[in-house]
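For reference, the structures are reproduced in the following blocks.
The two complexes that follow have subunit A in common; it is paired with subunit B in the first and with subunit C in the second.
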Partner chain A sequence: MTARFKQKAVVLSIVLLALLLPFIIQNDYFFHIMTLSFIWMIGVYGLNLIAGYTGYLSLAHAGFFAIGAYSLGILTVKFEIHYWLAFFLACAITCIIGLVIGLVALQTKEHFFAIYTLCVGYIIYLVIDKWESLTGGVRGLIGIPVPPDLGPISFRSPVSQYYFNLFFLLAAIFMMYRIVHSLTGRTLIAIRNSEELAQTIGISTMKNKLVSFVLSTFFAALSGILYASFIRFIGPDISYITMTFDFLIFLLVGGIGTLSGPIVGTLLIVWISQQLQFLQDYRMLIFGPLLTLLIIFYPKGIVGGIFSWKMKMQEKKKRLSMSAKSATQRAEEG
Partner chain B sequence: MEIFAQQIFNGLTVGSVYSLVALGLTLVYGILHIPNFAHGALYMMGGYITLTMMTKFGLYYWIAIMISMVIVGLMGVLMERFIFYPLRDAPPIQDKIAAIGILLFLEAFAQFVWGADYQTMPTPYGQVVSVMGLTFTMQRLLIIISTVVVMILLFLFLKKTFIGSAIIAMSQNREGAHLVGINTNKMAMLTFMISGALAAIAASLSSPINLVFPGMGHLVILKAFVIIIIGGMGSIPGAIIGGYILGFAESLGATYISNDYKDIFAFILLVLILTFKPTGLFAKGGHS
Partner chain C sequence: MFLETRQLTKQFGGLVAVDHVNFSVEKGKINAIIGPNGAGKSTFFNLISGFYPPSSGQVMFKGQDITRLPPNKIAKLGIARTFQTTHLFEQANVLDNVLIGFRLRTKSNLIDALFLTKRLKREEEQSKEKAFEVLKFVGLTNMENKIVANISQEEKKRVAIALALATEPEIIFLDEPAAGINPEETEGLANLIEKIVQHNITVCLIEHKMKMVMNLAHKIMVLNHGKKIAEGTPEEIQNNETVIKAYLGGSAIA
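Moving on, here comes the complex of A and B:
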């Protein structure tokens, strides 16, 4: 009970800190980076659901991110549809494409799934890059609108953008929390641990995997849509495989299959990248080996590492108190 | 008709390169059951090392290729020792991610050392030959011939030598091979060595017609994956046949359908195949 209370207090204080941050720090550049991190985090949560909780490494994640971003961009710029309608439509389009691809992709397993989604991601990239009349090709789409004013609130200043994206991030985290702690979440973890076993106890694995996959594309779409209306320019490179690898690094550093992993990993890597700006294209010289070492020594990332360290400590304490107890018992008996 | 024959020839060239890359990939998959996502980076390194040996040290083309094969082969061995060996009992998602880490590192490394520019590799075989109305450069002819030679050598090695049979035995049943006294660790290292060398020779052969740049491995590795799925993961003849099928499909598709989308054919082919046969065509039985 106390542990649960403590956890709640920690979560609440972090949310409060995020809400109050604009009053403590007043720096537009800082808000730009933070807002971008929030947007990435939503996408990373999507990848976490399919790769971390369900055990299917989807390498088409950047593709869905881009489909979301481009759907919003094309609908608002070319067809001049109202922003919120386009927002909703973009989510729906991505989910439908995700559903169709998922129906086929999830027939495959393990390596085949990874390779299949890798190829799907590449097809999405090629289509965006070559279909110039629709997507603008390599030149990209310019002038994507920011969200329209909601009554007195305008979303033009960096601080309001910060709150706008923070709102969606919190909603996404809450949704993830509910999913993971629901029966569906448990089912997904069962599938990850052993698909055959899950099947033998009567779980419809295909249905659940599909739910997980479509939800993950939904998160990717949401992240892409927010990205498009935050940066206001999108090019085909956002669908490229390197983008998926970025998501993967954020997820793995933080902790794959954990709820707080995406937050920790994204914040950490984004800020380290900012510090290492002089490296620019060479940052992978550090992050590449980091990814490999992490997966060998800490496959559950920072959050997972902390968890297992805590568990060890608890066990040690238990053992100590046990031995102390038995010592006193022996002393009493003796 | 002439265009058709020319495209068949082009398909043969492209297919040869794909087959070599796919062979390396399928050998590793046969032994360790991991899709080596870093194989494309090895291919890229092979191209760069040959280029450096030729331009910086002024070595002859073939000697440069030999050195490149050895170096990239050793890189493969290091990868096996330090990454895939420690992860041999880990969940399958982990070795894929570890390989991706290596891929990212090698690409950044190449960009750091050689820059992001596209570079051309000089070749002593630049002359143009024309036979029966077909014109082609010697380099293209060379690719086809060298590939066939390499394939024959590999075949003889695997079928006629003791070590080769040990590798085949290991790909059939790892524990069984271990039980009859095959040193599985050594064989795994050797397989990675061969796989790296194949990637290096493929890159060195194709670079004079394609250009050398840090991202040159991306498309090739993706297509190699397509090939080994078409040909059956771990199957050696499958990789060769699949490579040529893809080569022909691409060069004919580029001429008769659309040049812009020629890279997409391979992936559509794969998506179609996996849609109807989720474990790939010609999947080997007995593996899980």
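Moving on, here comes the complex of A and C:
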């Protein structure tokens, strides 16, 4: 009970800190980076759901991110549809494409699934890059609108963008929390653990994997949509494989299959790479080895590492108190 | 007929793993399948539980043809199974592993999860109750918070059986339940299997430990090279010439 309470207190204080941050720091650059991190995190949560909780490493994630971003961009810029309608349609379009791709991709397993989705991601990139009449090709799409004013609130200033995206991030985390802690989440974890066993206890693995996959594309779409209306320019590079691996690195460093991993990993990598900006591309010389070491020693990322360390400490404590108890017993008997 | 196979056959390329086997499981009894390594016992189980489609033949359960049903549908009908290796989620605790067993009797979906509906709360409670019930049944009370990686092999076997029981089966197939555990523990498991049958759940098991099978089973089928070579009570099997020649070698029973 106290552990639960402590956890709640920690979560609440972090949310409070995020809400109060604009009053503590007044620096547009800082807000720009934080807002961008929030947007990435939503995408990372999507990847976490399918790769971390269901055990299917989808490498088409940037593709779905881009489909969301381009859907919003094309609908608002070319067809001049109202922002919120376009927002909704972009989610729907991505999910439908996700459903169709998922139906085929999920016939494969493990590394075949990863390879298949890698190819799908590349095809999405090619389509965006080559279909100039629709996507603008390499020139990309310019002038994507910010969300329209909500009464007195305008989404033009960095601070209001910060809150706008924080709102969606919190909503995404809330959704993830509910899913992971429900029977649906347990079902996904059972599939990750052993698909054979899941089937013998009556779980329709295909149906559940498809739900997870489509939901992960929904998170990717949401992330892409927010990105498009934050940066207001999109090019084909957002669907490229490097984007997928960015998402994956955020997830792996933070902790795959953990709820707080995407936050930790994204913030850490984004800020470190900002700090190392002066090194330009030589940053990767530092990142590469660090990442390799992390994966070797902490396969479940930073959060996973902390968890297992905590568990070890608890075990130790238990053992110590047990031996202390038996020692006093012996003393009493003697 | 409760559960029976009719001319069940499985071919892997040129190899006939299961060859026209007719077998009927007796309801409320302990049925055993024995045979030398590679005799097709596990394949036989996989055919019944829907993991492989048979090359020919039928599996009937309570008058219904279940031959081509997928494993999850078969589980819903009340047929449970365990594996030779337990497949449990080692990093999770015992309760979390067993809880999911009741999932097939629940209806909560993604929408219930997002809105934390009453149905979800009720079904989670039911799953938990069921998990505690089956854990108590298999003799693992107060073990629910232990991490599976830290418990003994025999306890893992019990957890796997508990998980299968949580699906509320009418029949449970156990694939070598006593493999890899010591004689004392084997006796404990034999008691558990008898307890399962006493609770009106039919048992069908594959086992290599002859002493255990002969003491436990009401009915035994012997497979060799995919073919059924004998069927009957333990006494009949022990005195069957073909079986002795093919497999037991006389002294193995003693």
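FYI, the second predicted complex is superposed on the first by the 333 of 334 C-alpha atoms of A that agree within 3 Å, B and C clash if a C-alpha of one lies under 4 Å from a C-alpha of the other, contacts with A are read in each partner's own complex, and residues count from 1 in each chain.
Just so it is clear, a contact is a pair of C-beta atoms (placed from the backbone, for glycine too) under 8 Å apart; a residue touches a chain by one contact, two chains touch by 3 or more.
Since the structure is predicted, the reported quantities are computational estimates derived from the model, not experimental observations.
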- Task: After aligning the two structures on subunit A, examine subunit B and subunit C and state clash or fit.
- Result: fit
- First (subunit B), second (subunit C), both or neither: which does A:I97 touch? neither
- Treating the CA centre of subunit A as the corner point, state the angle out to subunit B and subunit C, nearest 10°. 80
- Message: On the A-aligned overlay, A:I234 touches which partner chain: subunit B = first, subunit C = second, or both, or neither?
- Response: neither
- Query: A:L259 contacts which: subunit B (first), subunit C (second), both, neither?
  - Reply: neither
- Message: One more residue to check, A:L291. First (subunit B), second (subunit C), both or neither?
- Response: first
- When the two structures are laid over each other on chain A, which of subunit B and subunit C touches more residues of subunit A? B
- Message: Contacts for A:T184 in the overlay, against subunit B (first) and subunit C (second): which applies, first, second, both or neither?
- Response: second
- Kindly classify A:L215 by the partners it touches after superposition: subunit B alone (first), subunit C alone (second), both, or neither? second
- So, does A:F245 touch the first partner subunit B, the second partner subunit C, both, or neither? first
- Go through the superposed model and pick first if A:A51 touches only subunit B, second if only subunit C, both, or neither. first
- Query: If you stack the two complexes on chain A, which partner ends up touching A:A86: first (subunit B), second (subunit C), both, or neither?
  - Reply: neither
- If you take every C-alpha pair with one atom in subunit B and one in subunit C, what is the shortest distance in Å after superposing? 10
- Both subunit B and subunit C touch subunit A at residues none
- Residue ranges of subunit A in contact with subunit C within the complex: 175, 178-179, 182-187, 189-190, 193-194, 196-205, 211, 215, 311
- Query: Any idea which subunit A residues touch subunit B in the complex?
  - Reply: 51, 55, 57, 104-105, 107-112, 114-116, 118-120, 122-123, 126-127, 130, 241, 245, 248, 252, 281-285, 287-293, 295-296, 299
- Query: Touching subunit A in the complex: which residues of subunit C?
  - Reply: 49, 51, 70-73, 75-76, 80-81, 83, 87-89, 92, 96, 99-101, 103-104, 106, 108-110, 112-114, 116, 120, 123-124, 127, 147, 163-164, 166-167
- Item | Of subunit B, residues touching subunit A in the complex | 34-35, 83, 86-87, 90-94, 96-98, 100-109, 111-112, 116, 218, 222, 225-226, 229, 233, 260-261, 263-264, 266-268, 270-271, 274-275, 278-280
